[in-house]
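Shared between the two complexes below is chain A, which has chain B as its partner in the first and chain C in the second.
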Partner chain A sequence: MSTSIVPLQKSNLGLKIIQWGTILAILAYVPIILTDRAIFGIRLSNMQLLNLGLTQINLMLIAMLGALSLNFLTGSAGLISIGHAAFYAVGAMTGAVVGTQLGAPFVLVLLAAAITGALVGVLAGLPSLRVRGLYFVLSTMAVHYIVVFVFSEYQYKFFDVVGVPFNEAQIAGFAFSTPIRWYFFLIATVMAVYFGFKHILNTREGRAMMAMRDQELAATSAGIDVRILRLKAFALSSAVASVAGVLYAYYLTNVTAEFFNIQFAIQFIAMIIIGGMGSLGGSLIGAAIWLLLPSIITGFASQAGVTTGIVQRMLVDNKPQLVQLIFGLLVIILLIFAPGGISGLIKQVRLRWAALWGRS
Partner chain B sequence: MNHVLNIEHLSVSYARKGLALEDIHLQVPKGKIVALLGANGAGKTTMIRAISGLLSLHHGQITQGQIHFDGQLINSVPAHRLVRQGMAQVPEGRLIFKQLSVLDNLLVGAAILPRAQVADRLEAVYHLFPRLLERKTQSAGWLSGGEQQMLALGRALIAKPQLLLVDELSLGLAPLIVEAIYKQLVVVGETLGTSMLIVEQNARIALEFADTAYILDRGRIAFNGTADEVKNSDLIKDSYLGTRQTQGTTS
Partner chain C sequence: MLGQVLFSGLALGSIYGLVALGFVVIFKATEVFNFAQGMLVVCGAFFAYTGIMLLGLPFPMTIVFIVLAAAILGAFIHAFLIQPLAGRSMLSIIMVTIALSIVIRAVLEITYGPQGKTLQTPLPTGIFLVGDLRISQLHLTAALVSWSCMAMFGAFFKFTSVGLLMRATADSHEAAVVSGININVMNRLAWAIGSVLAAVGGLFLGQLQLASTELESIGLLALPAVVIGGMQSIPGAIIGGLLVGLIEQLSATYISPKSSDIFIYVLLMLILMVRPWGLFGQQELGRV
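And then the complex of A and B:
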């Protein structure tokens, strides 16, 4: 319907197919490069591969789901939440009950995680009907502590300090036994979620959500029931986060309640700030930077360790601090110079480029 | 029923303390433009909130009286449902969706229409305010004040409302633009039969285009009549409009 009213840029179908074909081909080749440590038969050094392995990529893909769902909630619906780790925990716990304890197949586990995630999400969203702004943020923090408390009680009652074990995930006999198998499943999931959110933002409800974010009062006077819409946004966002949580747990094969601390929640906020609030593509960029940069920095630091200058020694000795320092600086720099995050920056550059060439 | 809006004995208070409005009677006849005038703090915005169902958001409540819209009692109908019944509102300060494009702003307003009508109504709004068509793909936050007011009006009018409430239409806008907007509103009234209740501090311009006018003072209706009657009443000139000695506007 929207295409008839919104004349998009004239899309060249052939070009689009080539574009997407290339993107998919690269995405399909990446895990092979990272597993073989070689590209087209040419061996690559660890540094040439930026010190990255497929496991990091997979964890990044899972984090992308978290970042996408938080950006949908915060960037598009305007609801700031620092309880996003809680929904990961809800997913992991659902996985533990339905998968580990009841032994249900993986597909059912995913479904169960999505449903419980949505339910807990609605509960967590209920305070948003009464309180706003900072008070609401605090209520999401309360949700976080409650969920983590329940998870840890559960963990100590049925398992022990070591954590909750998870079975090998498998769908219709296809076992996710290697990182490369996980990779293809995860990339498909990320794509599905990305395009799903993108589609929703283009519908009436999606537009209403963004209107609510910009001007709640005016949205109400445009006929939008903001209370219902808030709960819907919460339900969808937390369902996705919960699925991300169960994938995370299955990927790691063992999680404890301590994994899902408040820092875990805040990292998603950092991802969407770095990537760009309200931009789905930005969520992907933010998650990629957040998950891959530490490993890249560590790689360079250990490379530097070969020589023994003072600076190099310092780099090697303070790797974790260095990573945090760089992230801190990155967030501050972005907040000052590009409040729209990296995706906002790209947009600006594009606009300027278009202006320069007289196109719009 | 020839009154789209009929208010009787309306009293409103905020947080149960004192009365912001007291025993108000006000009618908006079908297809007419009614101006609601008054000084700061007279209760104009409270009136709009009471009618549009937004009082509860501001901890206010109707303590007495009835508001009938299109023959139905709407004292406790929530705001978003009133919109579906045909009441549209341009809130004070316009409150456009700044991060959305002009087109998306209009589409949010059109969301209560059947999909088949959206394209036609969009066309009609662009016809009314051609400036919006030029700026269609721009972020609404980049519009000038006048364009933002046009957008807010377009967003409200796109769903073909029976009654349009406008709070502070001329606030912060250049006189020429205000006049152009009023002229378009008269056109809307004639073509769509939309009735309007317009809150104004700029009494002169409002009285030029309105059919009837009410003057609020400290929560009560101090005077009402046709626009001409209001214009020519010395009492009104002195106490509320302040137009007798100076020729400047009263904002």
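And then the complex of A and C:
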């Protein structure tokens, strides 16, 4: 990672390097803890690891790509989309055509997914030239249904009900055969996307995009062509979502059209609301909560196996509903009391802290 | 065959129109695009299930029970979720209704179990023949009740003083406040009416199929219906509902059952591109 991308404060360069070194070291050590179920040779119980496995972490990393791209589109460019699952589906479908049917190498599949994602993104963004606000949200919903229909027609034509199979992903002879290999590939991808978006938001176009989100009229009068900018934002966001989709498909090795339903799209909106709208770091937090909480609850549920009565019924029999209930309530509470999401809360706490200690 | 399809399309379309009408009442009053409308339909079906199958109420009492429960639910949603978010960004408000539908779904599935329940009401379920046409009495009742509900609420908005106040509030919140109207009460009333209309739709849909949370997707067909008809227009919502019902039945019969959604959403897309304000709405959006 080149230092020019990481925003550095002049005063404490050394501290930053140490910080980043620690973060990278922890990120590199996490999969080893989760595979060996031990830290520095000390065995950990399942609950001490919060019932987490590397598979959940990997799925979380893929979801982070989706959340980042949606937050870029919605939080930074101000375009609300409930069709984000459609771009996942586009990626998965491209993967099926290029990877499974034509047998192209994985790198080409990723590239093809990014390109088709961007193209479909531009198409899906076209209504933004004509309608705004609510009407645009609905057009993304229509795009969602159309794409999913095409995917399911494609699936039933060339494959069957079981779903579309995907080969094992490999880059230059290096096969992603274990979760730990996937982990390192995915973490690098998430970092690249995160810093890529962060960099873009600091360029002229990124700032123009945020201006467009805040005050469209003012942005136009400052010489920004909002139409082109919208399509660009859409293309970039859907390219990333499409790559996330193909990674998701390859990771699961088999997907069906039913995966990409409207709930799938809604979960990304929920993630960025939980994490914080317009905050890239927030997208990561939101995706982490959304993907890891169910498995943590499962862990507690198996712990609570001894209890009986209503608690046990809630935890064991109705686990998926309980998870949904918690997520739904979490989103509602955050929306009403903390519109900035968790990253907004962190920022507030930091400001309070700074005010308390009299430094900025 | 065609007559048969047209009949069931129009009958189902009437239910969609009813749900869409509830949606428009809420949208006009509070400018909330209610993604939970589908879930309110499901609530209606489960209220009916509770009333008839669990509490064993006689049918007229069940109707009263459904209407009251739905009205209270609507008023609660407005008081605790919508009013605190007044003036927030559109995404927050859309998302709160989506989150609400997630919560309601979870609560219903925890309370009643995830399987669908059969709903039996004393409504006539037989079939009679008109020429070649097999008319299902349930479909016919659903259509008739939907139309009378629409007529009733149409008259309510047009002729009663509360209806007038509600229309005034929907027209301009500021002017309504200045004239001494308690707009929160009016908006709560609009939410109550909107959920009652959805619940009545749910009563019929629950009996035509099963009372289950899967009805949500059918209830959500009210959204394209509303946009096709015109978001601000009450007749538009009804005609949009009928159109959606017809398209659904026609494409399911003549093309393929899976294709019905796609035609509805393609039409939605076309309307958005050509006439974004809908078939019957008034043009009022800003252009880019």
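Methods note: the second predicted complex is superposed on the first by the 342 of 360 C-alpha atoms of A that agree within 3 Å, B and C clash if a C-alpha of one lies under 4 Å from a C-alpha of the other, contacts with A are read in each partner's own complex, and residues count from 1 in each chain.
Everything that follows uses one rule, which is that contacts are C-beta pairs under 8 Å (C-beta built on N, C-alpha and C of every residue); 3 or more make two chains touch, one makes a residue touch a chain.
Just so it is clear, the model here is predicted, and its values are computed rather than measured.
Judged by the touch definition given at the top, the superposed model places A:214 against chain B, while chain C stays out of reach. Counting the residues of chain A that each partner touches, chain B and chain C differ, and the larger count belongs to C.
Residue contacts after overlaying the shared chain place A:222 against chain B, while chain C stays out of touching range. When the two structures are aligned on the shared chain, A:278 is found in touch with chain B, with no touch to chain C.
With both structures placed on the common chain, the touch criterion links A:322 to chain C but leaves chain B unconnected.
Of the two partner chains, chain C is the only one that A:335 touches; chain B does not reach it.
Residues 226 of chain A lie at the contact with chain B in one complex and at the contact with chain C in the other.
Those residues of chain A that touch chain B in the shared complex are 1-2, 4-6, 204, 207-208, 210-211, 213-215, 217-226, 278.
Across the complex, chain C meets chain A through its residues 33, 81, 84-85, 88, 90-92, 94-96, 98-100, 102-103, 105-107, 109-110, 114, 223-224, 227, 231, 258-259, 261-262, 265-266, 268-269, 272-273, 276, 285-288. Residue ranges on chain A touching chain C, taken from their complex, read 74, 80, 127-135, 137-139, 141-143, 145-146, 149, 152, 216, 226-227, 266, 269-270, 273, 277, 314, 318, 321-322, 324-325, 327-329, 331-332, 335-336, 339. Residues 52, 54, 57, 78-81, 83-84, 88-89, 91, 95-100, 103-105, 107-109, 111-112, 115, 118-119, 122, 152, 155-156, 159 of chain B touch chain A in their complex.
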